Every structure is written in structure tokens, then in C-alpha cells.
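Structures follow.
In the two complexes that follow, subunit A is the common piece, with subunit B as its partner first and subunit C second.
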Partner chain A sequence: MKSSLVRQALILVALAFLPGIGQAIYFRDKVSWQSPIPASEMVTVAQARAWGANAIWVDARPDVEFEREHVPGAVPLNEDRWNELLPQFLAAWSPEKSIVVYCSSQSCNASREVARRLRDEAQLKNVFVLKGGWEEWLKKK
Partner chain B sequence: MAQEKVTSASSTLRFQRSIIPRFVRRIAEFIVGGIFIYAGVIKALDPIRFASDIDNYKILPWTISVQLAFYLPWLEIFCGLALIARRLYLGGLSILTVLTFIFIIATLVAKIRGLDITCGCFGHASKNWSFTAHIALDLSVLAALIALCICERLRGNSS
Partner chain C sequence: MRTRILAFTLSIVICAAAHAELKWEQTTVELHPASTDKEAVGHFKYQNTGDKSVRFKSVHTSCGCTAAQTQKDEVPPGEKGEITATFKIGDRTGTQVKTVTVDTDDPVNATTVLTLKAVIPQELEINPTFVFWGQGEAPKPKTIVVRAGKDFSVKQLKVTSSSPDFETKVAETGKGQFKIDVQPHDTSRNMAATLTIQPEGSSKTFYAMARVTNAPAIQ
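The block that comes next holds the complex of A and B.
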């Protein structure tokens, strides 16, 4: 029984490799293999602040957290109310502005997802993720 | 007459022991197998998001998270199919039990570390589930998998 269990498990493990490898080849140019966000798409608090009025801050955290406190002038845009908030964001956006997306901390991925959707779905350029998120902004306040 | 009653009672008992547990087991296999196939398909459709979900646990480097995001959904799909089709059954059952166990431990560790995680179990569909809902579902699936393992072991011993 034990040997057939191992044999069957190995067959399944090997079988799953085939479509997995196929999919990895298909997505090879669409995914960043070295880091979740390429360094060119990240921005520090100091850099983003230096952009001044040329930056538009996007808060990707849930509404409750945005309402509690947020970066002055930031526009809320989270995935829960994406369709509702996107037009509001686009009304505040202009092509010459860089977009700085942040979520609660370094470990959250909401900013990464919102930035990805802004690039892929809204076809916007100059979209950056704030390194360290809201926590980092508070430290550098 | 008494002999007939004894024969009838013993055949009823045999029926309950053999047919009903098998029937219940098949339902469990379809439900658990179906859950893993569904979860696998949802994640295979958006591997980049799944890589992001794995990375959020802050256990593995990003490169490994991406590789797993391309591989794990298919492993779930094949193991789920193995459960339903009863082909490579033991292998599928063991892999799913181990995967679910590891996943529950990783989720608990992430919770203890205070990480802001989305489970990623069912892709975007499960994004707004509470931690309790996630753990309740995971523990139910693990219980069902362990029950199926026990059934299979008893079946192996009796045959």
C-alpha cells in the first residue's frame, strides 16, 4: 500500500508539472520573476514627496482606514469598490502626473494589485507603489 | 423462521456496512474533489494574483512564490480529479491532505505574525472572507480528507 501511495503521488506531482511549465512559458514576459514589484515601479516616501503637485496619491486601503486618516490629497481607490471609485480617480488624474499607490504596510498587497490594474485595465503610465506603504509615510511624516 | 430472521438481519448489517459508507464516501469524494478542482481552476486563471497571495505570507522568496503559483493550482486540479475518478486515488488523497495541513499551519502563523493576508484559496472570490470563515472551511476540508484516508485504510485492511 505504501509503495503504491508513493508511486501514485509521484505520478500526480509529475503530471502537474506539464501544464504548470506550459503556463509559466506563456506568462514568462508578463510576470516579474525576481521581485514582486520591479525596482523601477517602486518609489520611496522622499522621492514621491519631491514630486509635489506632479504626483497623485492613491489610497488602496479599505474605506474605513481611508476615512480614519490618509495622505493629504489622496484619492481612495480600492478593489472592493473599484468600479465606483475609478471614475472619481480618473477625474482627479491628469497625464502629466505620476501615480503613487499605497496600502497599509510593506506586507500588504492591495497597492500592488491596484497599481497593476491601473496599468493593465486603465492603461495608465507612471504608476508607482509606495515602499513601506502608509506605515512608512507615518514614520516620515 | 428464526434462521431466516438471522440471515436477513446479517444481510442488512452487511448492506449498512458496505453500501451506505461507500455511498457517503463517494459523496465526500465528489465534494472535496470538486472544491479542489474549483480552487485550482480559479487560481490557474490568474497565477500572478496567486503568486502575490503566496508572497503575502512572507514565508517564501518571491521567485519561489511565482513558481508555486504556476504549479500548485494544477496539482490541486489533478489531485481533485484523482479523488473523483478514483484513479491514483491514494496519491491524490495524501497530497491534498498534506497540502491542506501545510496551508492551515501557514495561515495560522501568518495570523499570529499579524500579516494582512488574503487567503487566495478561491482567488478573488474569497478575498472578503473573514479569517474565521477561511479556517472553518480549511478545517472542514482537512477533516473530510482525514476521514477518507481512514476509510481507505480500513478498506485496505479488510480486503
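The block that comes next holds the complex of A and C.
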């Protein structure tokens, strides 16, 4: 009697798992909306701050957010106006400086994309993404 | 007997849990905008198949570049509608995946994540988009390679420099590929130029940058 109840319960639990397993198999190759990034290309607020004048801060957020507030000295560079903003960024850039790109928070993807384009398209070196983004910078302000 | 009743009750509970009141026609939309399009709009259609109204609590997007709109705040039983997601393309390239998270008061299926995938055609691939020289470095030409993107063909390229301090020479290397040699007249001072790249017959303009920095080059 008892074992029958347990067996039936287990069958029901297994059935409940089926849609989840199916979805995991079906969507295994789907593109994630967040670009993967190696840990070596991430930097914490403390590490980036320690670089002092040897770092150039890049704000990848939309213009309105940059205008509201930004890391002091940061240069705006977002994909809405990439062609227009890139020359301004490159005018401030210097080969010996590390580039720290940030967007709103840990979950945003804009900083990863901007960092990728700086590395792949402009072929710049020492490009890092700020862990936790602007939210983290505010906490450590 | 009691076992059967319990099993039956459990089945009913699980079946009820699997039933979503707001039924989405599709939760993933793939868009293929033209290279000149400014935005791409995805339509996510739904129907309330339940027997009570569903209220939208919040709709938020994964990126500031995407705006989502509901037609109404509450969906009565049986009613259809859609959420539109407008993705601002800006100067983005390649495949872009953005999400829209929809929160409702449906106790069974409260949150739905909608995915908008936009495949933006790349008319030209420019590599690299930036060349630079350190101060005092020999002013030798550096090369930018330009090739037509998939499904595009380029017969001629016109390149102009925003500064007379840099000279450009374009040469076709075959199969829709070109090389642009960029050369500064001297490298004794800090200077920069924007190179405007215009494929023949295209309404789109592309850019590359050249600069002499005030630091030694480490390229």
C-alpha cells in the first residue's frame, strides 16, 4: 500500500520534470543574450580604481543615463551612436592605458559588446569589463 | 482506494499547474532588418485562454536599446493581444539577442521571457577600424582590409580622410576585397583623422580612424 503510494508519487514527479528536460534539450544551442566573457577580461571596481590615471573609463550606457550621471572622467561610447562616439573615445585613448567599460549592472550586456568591438574591430589591447557595472561603482563610491 | 484518490488529486494539481492562462503564440521572434533600417519591431501575440482576467504587472527589457509596449493593462478571458518590442538598431552589427520580461498576476505562470533576435546584415567588414602610430615612429603605411559582407557585393570604394595629415590609397585585391593603405605625413605630433569609406551604389557610409598618439606605439 505504502510502496504503491511512493511509486505513484515518483511517477508524478518524473512526469512533472519532463517538460523541463525537454526544454533543456531543445534550447541547448540557443544563443544567450549575454555574451560570454572570460574572467581575465573582467575587473573589479577596486582593481580599476587602483590603476588611477592609467585607466580610461568607458560608459556603454545610453546617452540619457550618461548625461544623468557617470564615473568622473568617463567617455561615452554606446552602440546607438558608435560611429559618432568612437572618434571621441580614440582621441582620449592612449596605448599605455587600460580600458574599463561599464554599463548599468551585472546583468546588462552593453559593456561586453562595446569591449568586444574595441578588441575585435579596433584591435585595442587591455580592454576590461567592470564587474557589477555602474551599480557596483555607486556602492563603492 | 485512498491511494487512488490521492493520486487523482495530485494529477489534477499538476495538470492545473501546467495550464497557463496567458497563452503565447510564440515567445521567440527572429527579425531580419534591412541594412538601412533604423529599428526592428517584434510582435509577441497572446490569448487569455483562462477563465479570469490577467493583469500585466511589469514589462521590462534587457537593454536600453529595446522598448516594449503592452496594448492594455488587463486581458479579459478569451481576449487576444500583443506586446510589441521595438529594437533600436543604432550602429549595432551582427546578431543581437534582446529579452523582454513580462510579469503578470497569473499565479501559475507569473513570468514569461520573450526573446527578440535581430540579424543585422553587415554590408562591409572593416579590419581593423583603427590604425595608429606612436610619436616618432617611422611613418610607414598601415593597412585596413575591407571586404563585402555575406549577400553583398562591392565593386568600388571611395575613401576620404578628414585630415590632410593622412593619405589613403585604395587597391582592389579581388573577390570583393579591398585594402586601404593609410599613411601619416609625419609622426612628430599628436594628430587624428576619420576615414570615410563609401561603397559605390550604397547609401550607407562606413568609418575607420587613424591617429598619431603622443606615446610610443605598442601595436
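Here, the second predicted complex is superposed on the first by the 106 of 141 C-alpha atoms of A that agree within 3 Å, B and C clash if a C-alpha of one lies under 4 Å from a C-alpha of the other, contacts with A are read in each partner's own complex, and residues count from 1 in each chain.
Operating definition for what follows: a residue touches a chain if its C-beta (ideal position, glycine included) is under 8 Å from a C-beta of that chain, and two chains touch if they have at least 3 such contacts.
It should be emphasised that the depicted structure is a prediction, and the values quoted were computed from it without experimental measurement.
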item	value
Subunit B versus subunit C as contact partner of A:Pro87, first or second or both or neither	second
Which of subunit B and subunit C A:Glu65 touches, first, second, both or neither	second
Partner chain in contact with A:Phe17 - subunit B first, subunit C second, else both or neither	first
Touching partner for A:Glu121 - first (subunit B), second (subunit C), both, neither	second
Touching partner for A:Arg112 - first (subunit B), second (subunit C), both, neither	first
Contacts of A:Glu96 with subunit B and subunit C, given as first, second, both or neither	second
Which of subunit B and subunit C A:Lys139 touches, first, second, both or neither	neither
Residues on subunit A lying within both footprints (that of subunit B and that of subunit C)	1, 4-5, 8-9, 12, 15-16, 19, 31-33, 79-80, 104, 107-109, 113
Touch list for subunit B against partner subunit A, complex	44, 47-49, 51-53, 55-56, 58, 62-63, 65-67, 70-71, 74-75, 77-79, 82, 88-92, 94-95, 115-116, 118, 127-128, 156
Of subunit A, residues touching subunit B in the complex	1, 4-13, 15-21, 23-24, 27, 30-36, 79-80, 103-105, 107-109, 112-113, 116
Residues of subunit A that touch subunit C when the two form their complex	1, 4-5, 8-9, 12, 15-16, 19, 31-33, 61-62, 65, 78-84, 86-87, 90-91, 93-96, 104, 107-110, 113, 121-125
In the complex with subunit A, residue positions of subunit C that touch it	3, 6-7, 10-11, 14, 18, 62-65, 88, 90-92, 95, 97-99, 115, 117, 126-130, 132, 134, 192, 194, 207, 209, 211, 213-219
